[in-house]
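Common to both upcoming complexes is subunit A, partnered first by subunit B, then by subunit C.
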Partner chain A sequence: MSGVSGLVVEDLVVKVHDIQAVKGVSFEIGRGRRMGLIGESGCGKSLTALALMGLLPHGVTASGRVLLNGRNLLDLSDKEMCAVRGNDIAMVFQEPMTALNPLMRVGNQVAESLRLHKGMSRAAASARAVELLERVQLPEPDRTARKYPHQLSGGQRQRVVLAIALACDPAVLVADEPTTALDVTVQAEMLRLMDTLVREEGASLLLITHDLPVVASICEELLVMYGGSIVEHGDVATVFDSPRHPYTAGLRASTVLESTDGSGRLSTIPGRVPSLGSFPTGCVYRNRCPRADDVCGTVPLLTAPPGSNQRAACHHPIESDQPLGSGKASA
Partner chain B sequence: MVIYFVRRLAILAVSLFAASILVFTMLALLPGDQAQAMLGVNATPEALEALREQFGTNRPFTERYLDWAGGLIRGDFGISPLSGVSVGSEIADKLGVTVPLILAGMTLALLIAVPLGILAAVKSRTAIGTALSALSQVGIAVPSFWLGILLITVFAVKLQWLPAGGFTGWDDVGGAVQALLMPALVLGVAQGAILMRYVRSAVVEVMQEDFIQTARAKGLSRSQALTRHALRNAAIPVITVLGLQLATLLIGTVVIENVFGLPGLGRMLLQDVGNRDLLKVQGTVMVLTAAVLLINFVVDVVYHAVDPRLRSKA
Partner chain C sequence: MTSTPLLEAVDVVREYRAPRRSLRTPGQPIRALDGVSVQVHEGEAFGIVGESGSGKSTLSRILMALDQPTSGTAFYNGQRISGVPERRLGFLRRDVQMVLQDPMSSLNPRMRVADIIAEPMRALRLPGDHRARVAELMHSVGLPEEAVTRYPHQFSGGQRQRIAIARALAAGPKVIVGDEPVSALDVSVRAQILNLLTDLAEQFKLTLILVSHDLSVVRYLCDRIAVMNQGRIVETGDTESIYSDPQHPYTQRLLSAVPTLSGDLLDRFNRSST
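This part shows the complex of A and B:
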């Protein structure tokens, strides 16, 4: 389905103390492919990303397999992982305002990565850092390299963060809501830039967001996450146009309404995302789902109908001849 | 940076001027003057007037201020009418005890607080971290005079390695150093324990910042992220505390000076206040104020050197 394998995640479980926040997630991003990961706040997107990077906070642990270049990253020691991070797998974070060291010139922050992984001399790394700043389309890259973070705008800082992430040509780039904190106008530019660079590098991209249109504009495949589980997976266009999982349909209805209606009232899925550990047994979406019945007390499997690769974890998936969201999800 | 330095220097000069007015006015407004203090409540008005004439304290306020402030600029603090000694050289003498004591004590405090504070932060979730935090709590809780007496008992009385107290001046450098050794140790432990808490919490806080995660995502190890990114950032709040400690210690060493019988500035000030030696008190308070202003000046300049965010605002 996705050519040569880039990143393979198998049965990833992330526990916050003893509670499963990510419940056995599996997916595969082919080399050079772009995968979107969406879901409401608190559904485990960031924990998934941090687990891939081996940067989970204290008290949070990961198990399962994260395979990159034939190695399970979860088996590596922190020392071994240091050689992988920033080199084979890199990450762009949500908050450009705080993601850079305020006391260090941005050029040096980019160069640091090159010196670390490529063993470059100070001078060579600095020169390459300027080139990278130019690649992320920062104006006057040689002058910008000598600036401190506070002298740059949010969008510019996020470009620096992107330059740091791409410095060593990683095979996988994880971007956790890279545009959420930016102005709307800057968002589109940033996304386009990321898209271009990832394509040029032939890197695999995992783009995390809670914004469906953003994913649709960049990614080929889409993962929908809810309550720590993947509830739907497939080609972006298919999932976006005819979602099978009621949760995806609800997400889609809220974004479509938001962009077309304009009357101000934001349509969201009724009910709230439960807090960690208080999701219902069986299907995680059961307490909010308009289609829920007794069958939903058992955990649904992530399966695709014959002849399709659009997998959904639902006992009563929406069939494509039914009206979108079956009229219930956006009630 | 140079512009900032010059501007900050100008601010320092203005503050010193304002401080001199303030110190002079405050002491002038106190009920009872030097003559009253010397002759007591039963003095006749004639005797008081005669003494004031002799001291020059019956002249107009502005004239007396200009006289005093003019002297300060030349380094002349006047002669105490009460004790007949030169106020300036008395203060200089005491500073010769207090300043080396503070410098040695705070150097020791830094040597204790920085490595242990960082270690306590890095190991904050382990037994070592807990033990170090507890140690710093104990260091803060132990009263300085008690530690001083303990040291005297062990090193002066039992082992007889060091003098129990007193200070014979800097002509005998070896003796002076010996005399300051235990007091500096007491000061260093007490202040180091306080400073260590601030170092620890500053490092813990900075290590949770987003840019540390960025650094880790680049491939830096935890210790590389600490040394290359965290420490410089953590230094900023620690510098503030260090400045405050230095400023309060100028008279804050009085307990230690008393335990070790050191003729320091704090001790002299207490005695002068008791004796109503107003000109000496005035001179000493002025010197203390100037020292605090100077410390703040240095702290601000260091801030600017460390933090580029301040530089671009200037």
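This part shows the complex of A and C:
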């Protein structure tokens, strides 16, 4: 695993029956960096993840470039991709009950990818599986390895999924809502574990979630996605402190439930996410945006102001000296 | 508090039996609720928080007489509701209504919205013009009136939850119990539904009981909360005082595990768990 570039995504387009669900997304996750990808349901987050993994469902196609170790994953044949998936790039899914095989002992499920990718013997893989279960801090790893998924709690199952994902020391770990189904204390433990392991392994993390505080807890960089496009990108702390794109500002305001506008009401984003294919032309957010005007009929570019790396795709970005939600934003 | 509480549980125990492990011995009893007493007063918003398996949903079900306690009693308006046959609980069914987590499973996919919202009025044989009432309710929850002929799948998640809220309001209840009513929604929609619940509670002078694992939602909506852990209430009191100064170690741990935008979760959580 050479190179400092980690994962490079260039102009990724995902089409669902000729409708662009992901519209030319580009980003780069450096080696050992932790990137968050946020947005509401229907914004193309999960399709982006599935495209990276080569797991798009039938009838959904990806184009563009996904570069890992100098190879474009989108060019690989199914067979070649099978050798990469789980080995160089691995994924943690939201629902561990569906990600795990209910008829197979969890130790064998961890060992499976070691046997497949690393060519380990049955005995060596089993022994390594127990070590991995210990790494994800499961109690009594040798006994747990012999259990079936239904005998474990939700948090324990998610740890098994993480152990499988980390089994082959992947360069990139993609986690799609890994803690959404968990209780808060279990979620905090899981986030701590992911944080530690990703640091220790030096893997690049792409964390996909709709939960902004989760991203703030373990990521360094942030991508905000809306309508299949990246609308804002920057350091997590900077973006949450002073979002430039009105959509990010709206998400932030509706997340922080304390922030009310005097009347005791929560600020919300007007309207709702359009269905696939019915986003407006030009700026995808303009039908919900309090700042939209005629200029927004053209597609804004993802640009940063001079001296900053906080890029936003907006014709009328919020400048940091302006109060949040100025204008009609709080209406 | 001098007035009679609107809803009350006194020393409620609820035991379930675990599945048997051998053919000879019966399963072990599991205490879902272990001596819980709680009072909810008229007009307040009361939150029950806890993690999965803490007994929060069981408690809410016993307060609505949807489940019977193994021992102990629940009261509504001073009247005993535990162990009372269903045919004598008509008053409770009208006064206490519920909003569930996932509207996709709580709304019948084969019924039109008009019928879904009118169903409680039909079931309780309430007099009046049901159709006019449905139109009024659609307006209250911010849905277009002409949408009454549509089916649940034709709405977005937030709109479906609005339908569920309209149905809960149909019988003119005094109490609305929400079991994770916004947990399945996106953040921006969640804020819209929370605003709606606040407005409706004020407009119809409702008492709200909110069951949730989401501490930020409970904090926003509730005046008083009870924190549950392993079938017991470990702490109860004013929301703000519990959030600013939690007394019980479990409450402290629970609050320290809530991620925030400032990103200091892991620091805080490491400190509290060591």
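Basically, the second predicted complex is superposed on the first by the 314 of 331 C-alpha atoms of A that agree within 3 Å, B and C clash if a C-alpha of one lies under 4 Å from a C-alpha of the other, contacts with A are read in each partner's own complex, and residues count from 1 in each chain.
What we mean here is this: a residue touches a chain if its C-beta (ideal position, glycine included) is under 8 Å from a C-beta of that chain, and two chains touch if they have at least 3 such contacts.
It should be emphasised that the depicted structure is a prediction, and the values quoted were computed from it without experimental measurement.
Participant: After the alignment on subunit A, I want to confirm one thing: do subunit B and subunit C clash, or do they fit together?
Facilitator: They fit side by side.
Participant: Just subunit B (first), just subunit C (second), both, or neither: which does A:Met53 touch?
Facilitator: Touch status of A:Met53: first partner only.
Participant: Applying the touch criterion given at the start, work out whether A:Leu100 contacts subunit B, subunit C, both or neither, answering first, second, both or neither.
Facilitator: Once the two structures are laid over each other on A, A:Leu100 reaches subunit B alone.
Participant: Rounded to the nearest 10 degrees, how wide is the angle at the Cα centre of subunit A between the Cα centres of subunit B and subunit C?
Facilitator: An angle of 70 degrees, rounded.
Participant: Is A:Gln187 contacted by the first partner subunit B, the second partner subunit C, both or neither?
Facilitator: After superposing on A, A:Gln187 lies in contact with subunit C but is clear of subunit B.
Participant: Applying the document's definition of touch, where does A:Leu251 land relative to subunit B and subunit C: first, second, both, or neither?
Facilitator: second
Participant: Identify the partner contact of A:Met225: answer first if only subunit B is touched, second if only subunit C is, both if each is, neither if none is.
Facilitator: Neither partner.
Participant: Should A:Val14 be classified as contacting the first partner (subunit B), the second (subunit C), both, or neither?
Facilitator: neither
Participant: Just to confirm the geometry: in the superposition, how small does the C-alpha gap between subunit B and subunit C get, in angstrom?
Facilitator: 6
Participant: Going by the contact rule set out above, which residues of subunit A touch subunit C in the complex?
Facilitator: 40-41, 154, 183-189, 191-192, 195, 210-214, 216-218, 236-237, 240, 250-258, 264-269, 272-273
Participant: Mind pulling up the subunit C residues that touch subunit A in the complex?
Facilitator: 51-52, 156-158, 186-192, 194-195, 198, 213, 215-217, 219-220, 253-254, 256-266, 269-270
Participant: For a test of understanding, state which residues of subunit A touch subunit B in their complex under the given definition.
Facilitator: 53, 55, 58, 78-79, 82-87, 90-91, 93, 95, 98-104, 109, 112-113, 116-117, 148, 150-151, 161, 164-165
Participant: Which of the residues in subunit B come into contact with subunit A in the complex?
Facilitator: Counting only subunit B, the residues touching subunit A are 125, 209-211, 213-222, 228-229, 232-233, 306-309, 312.
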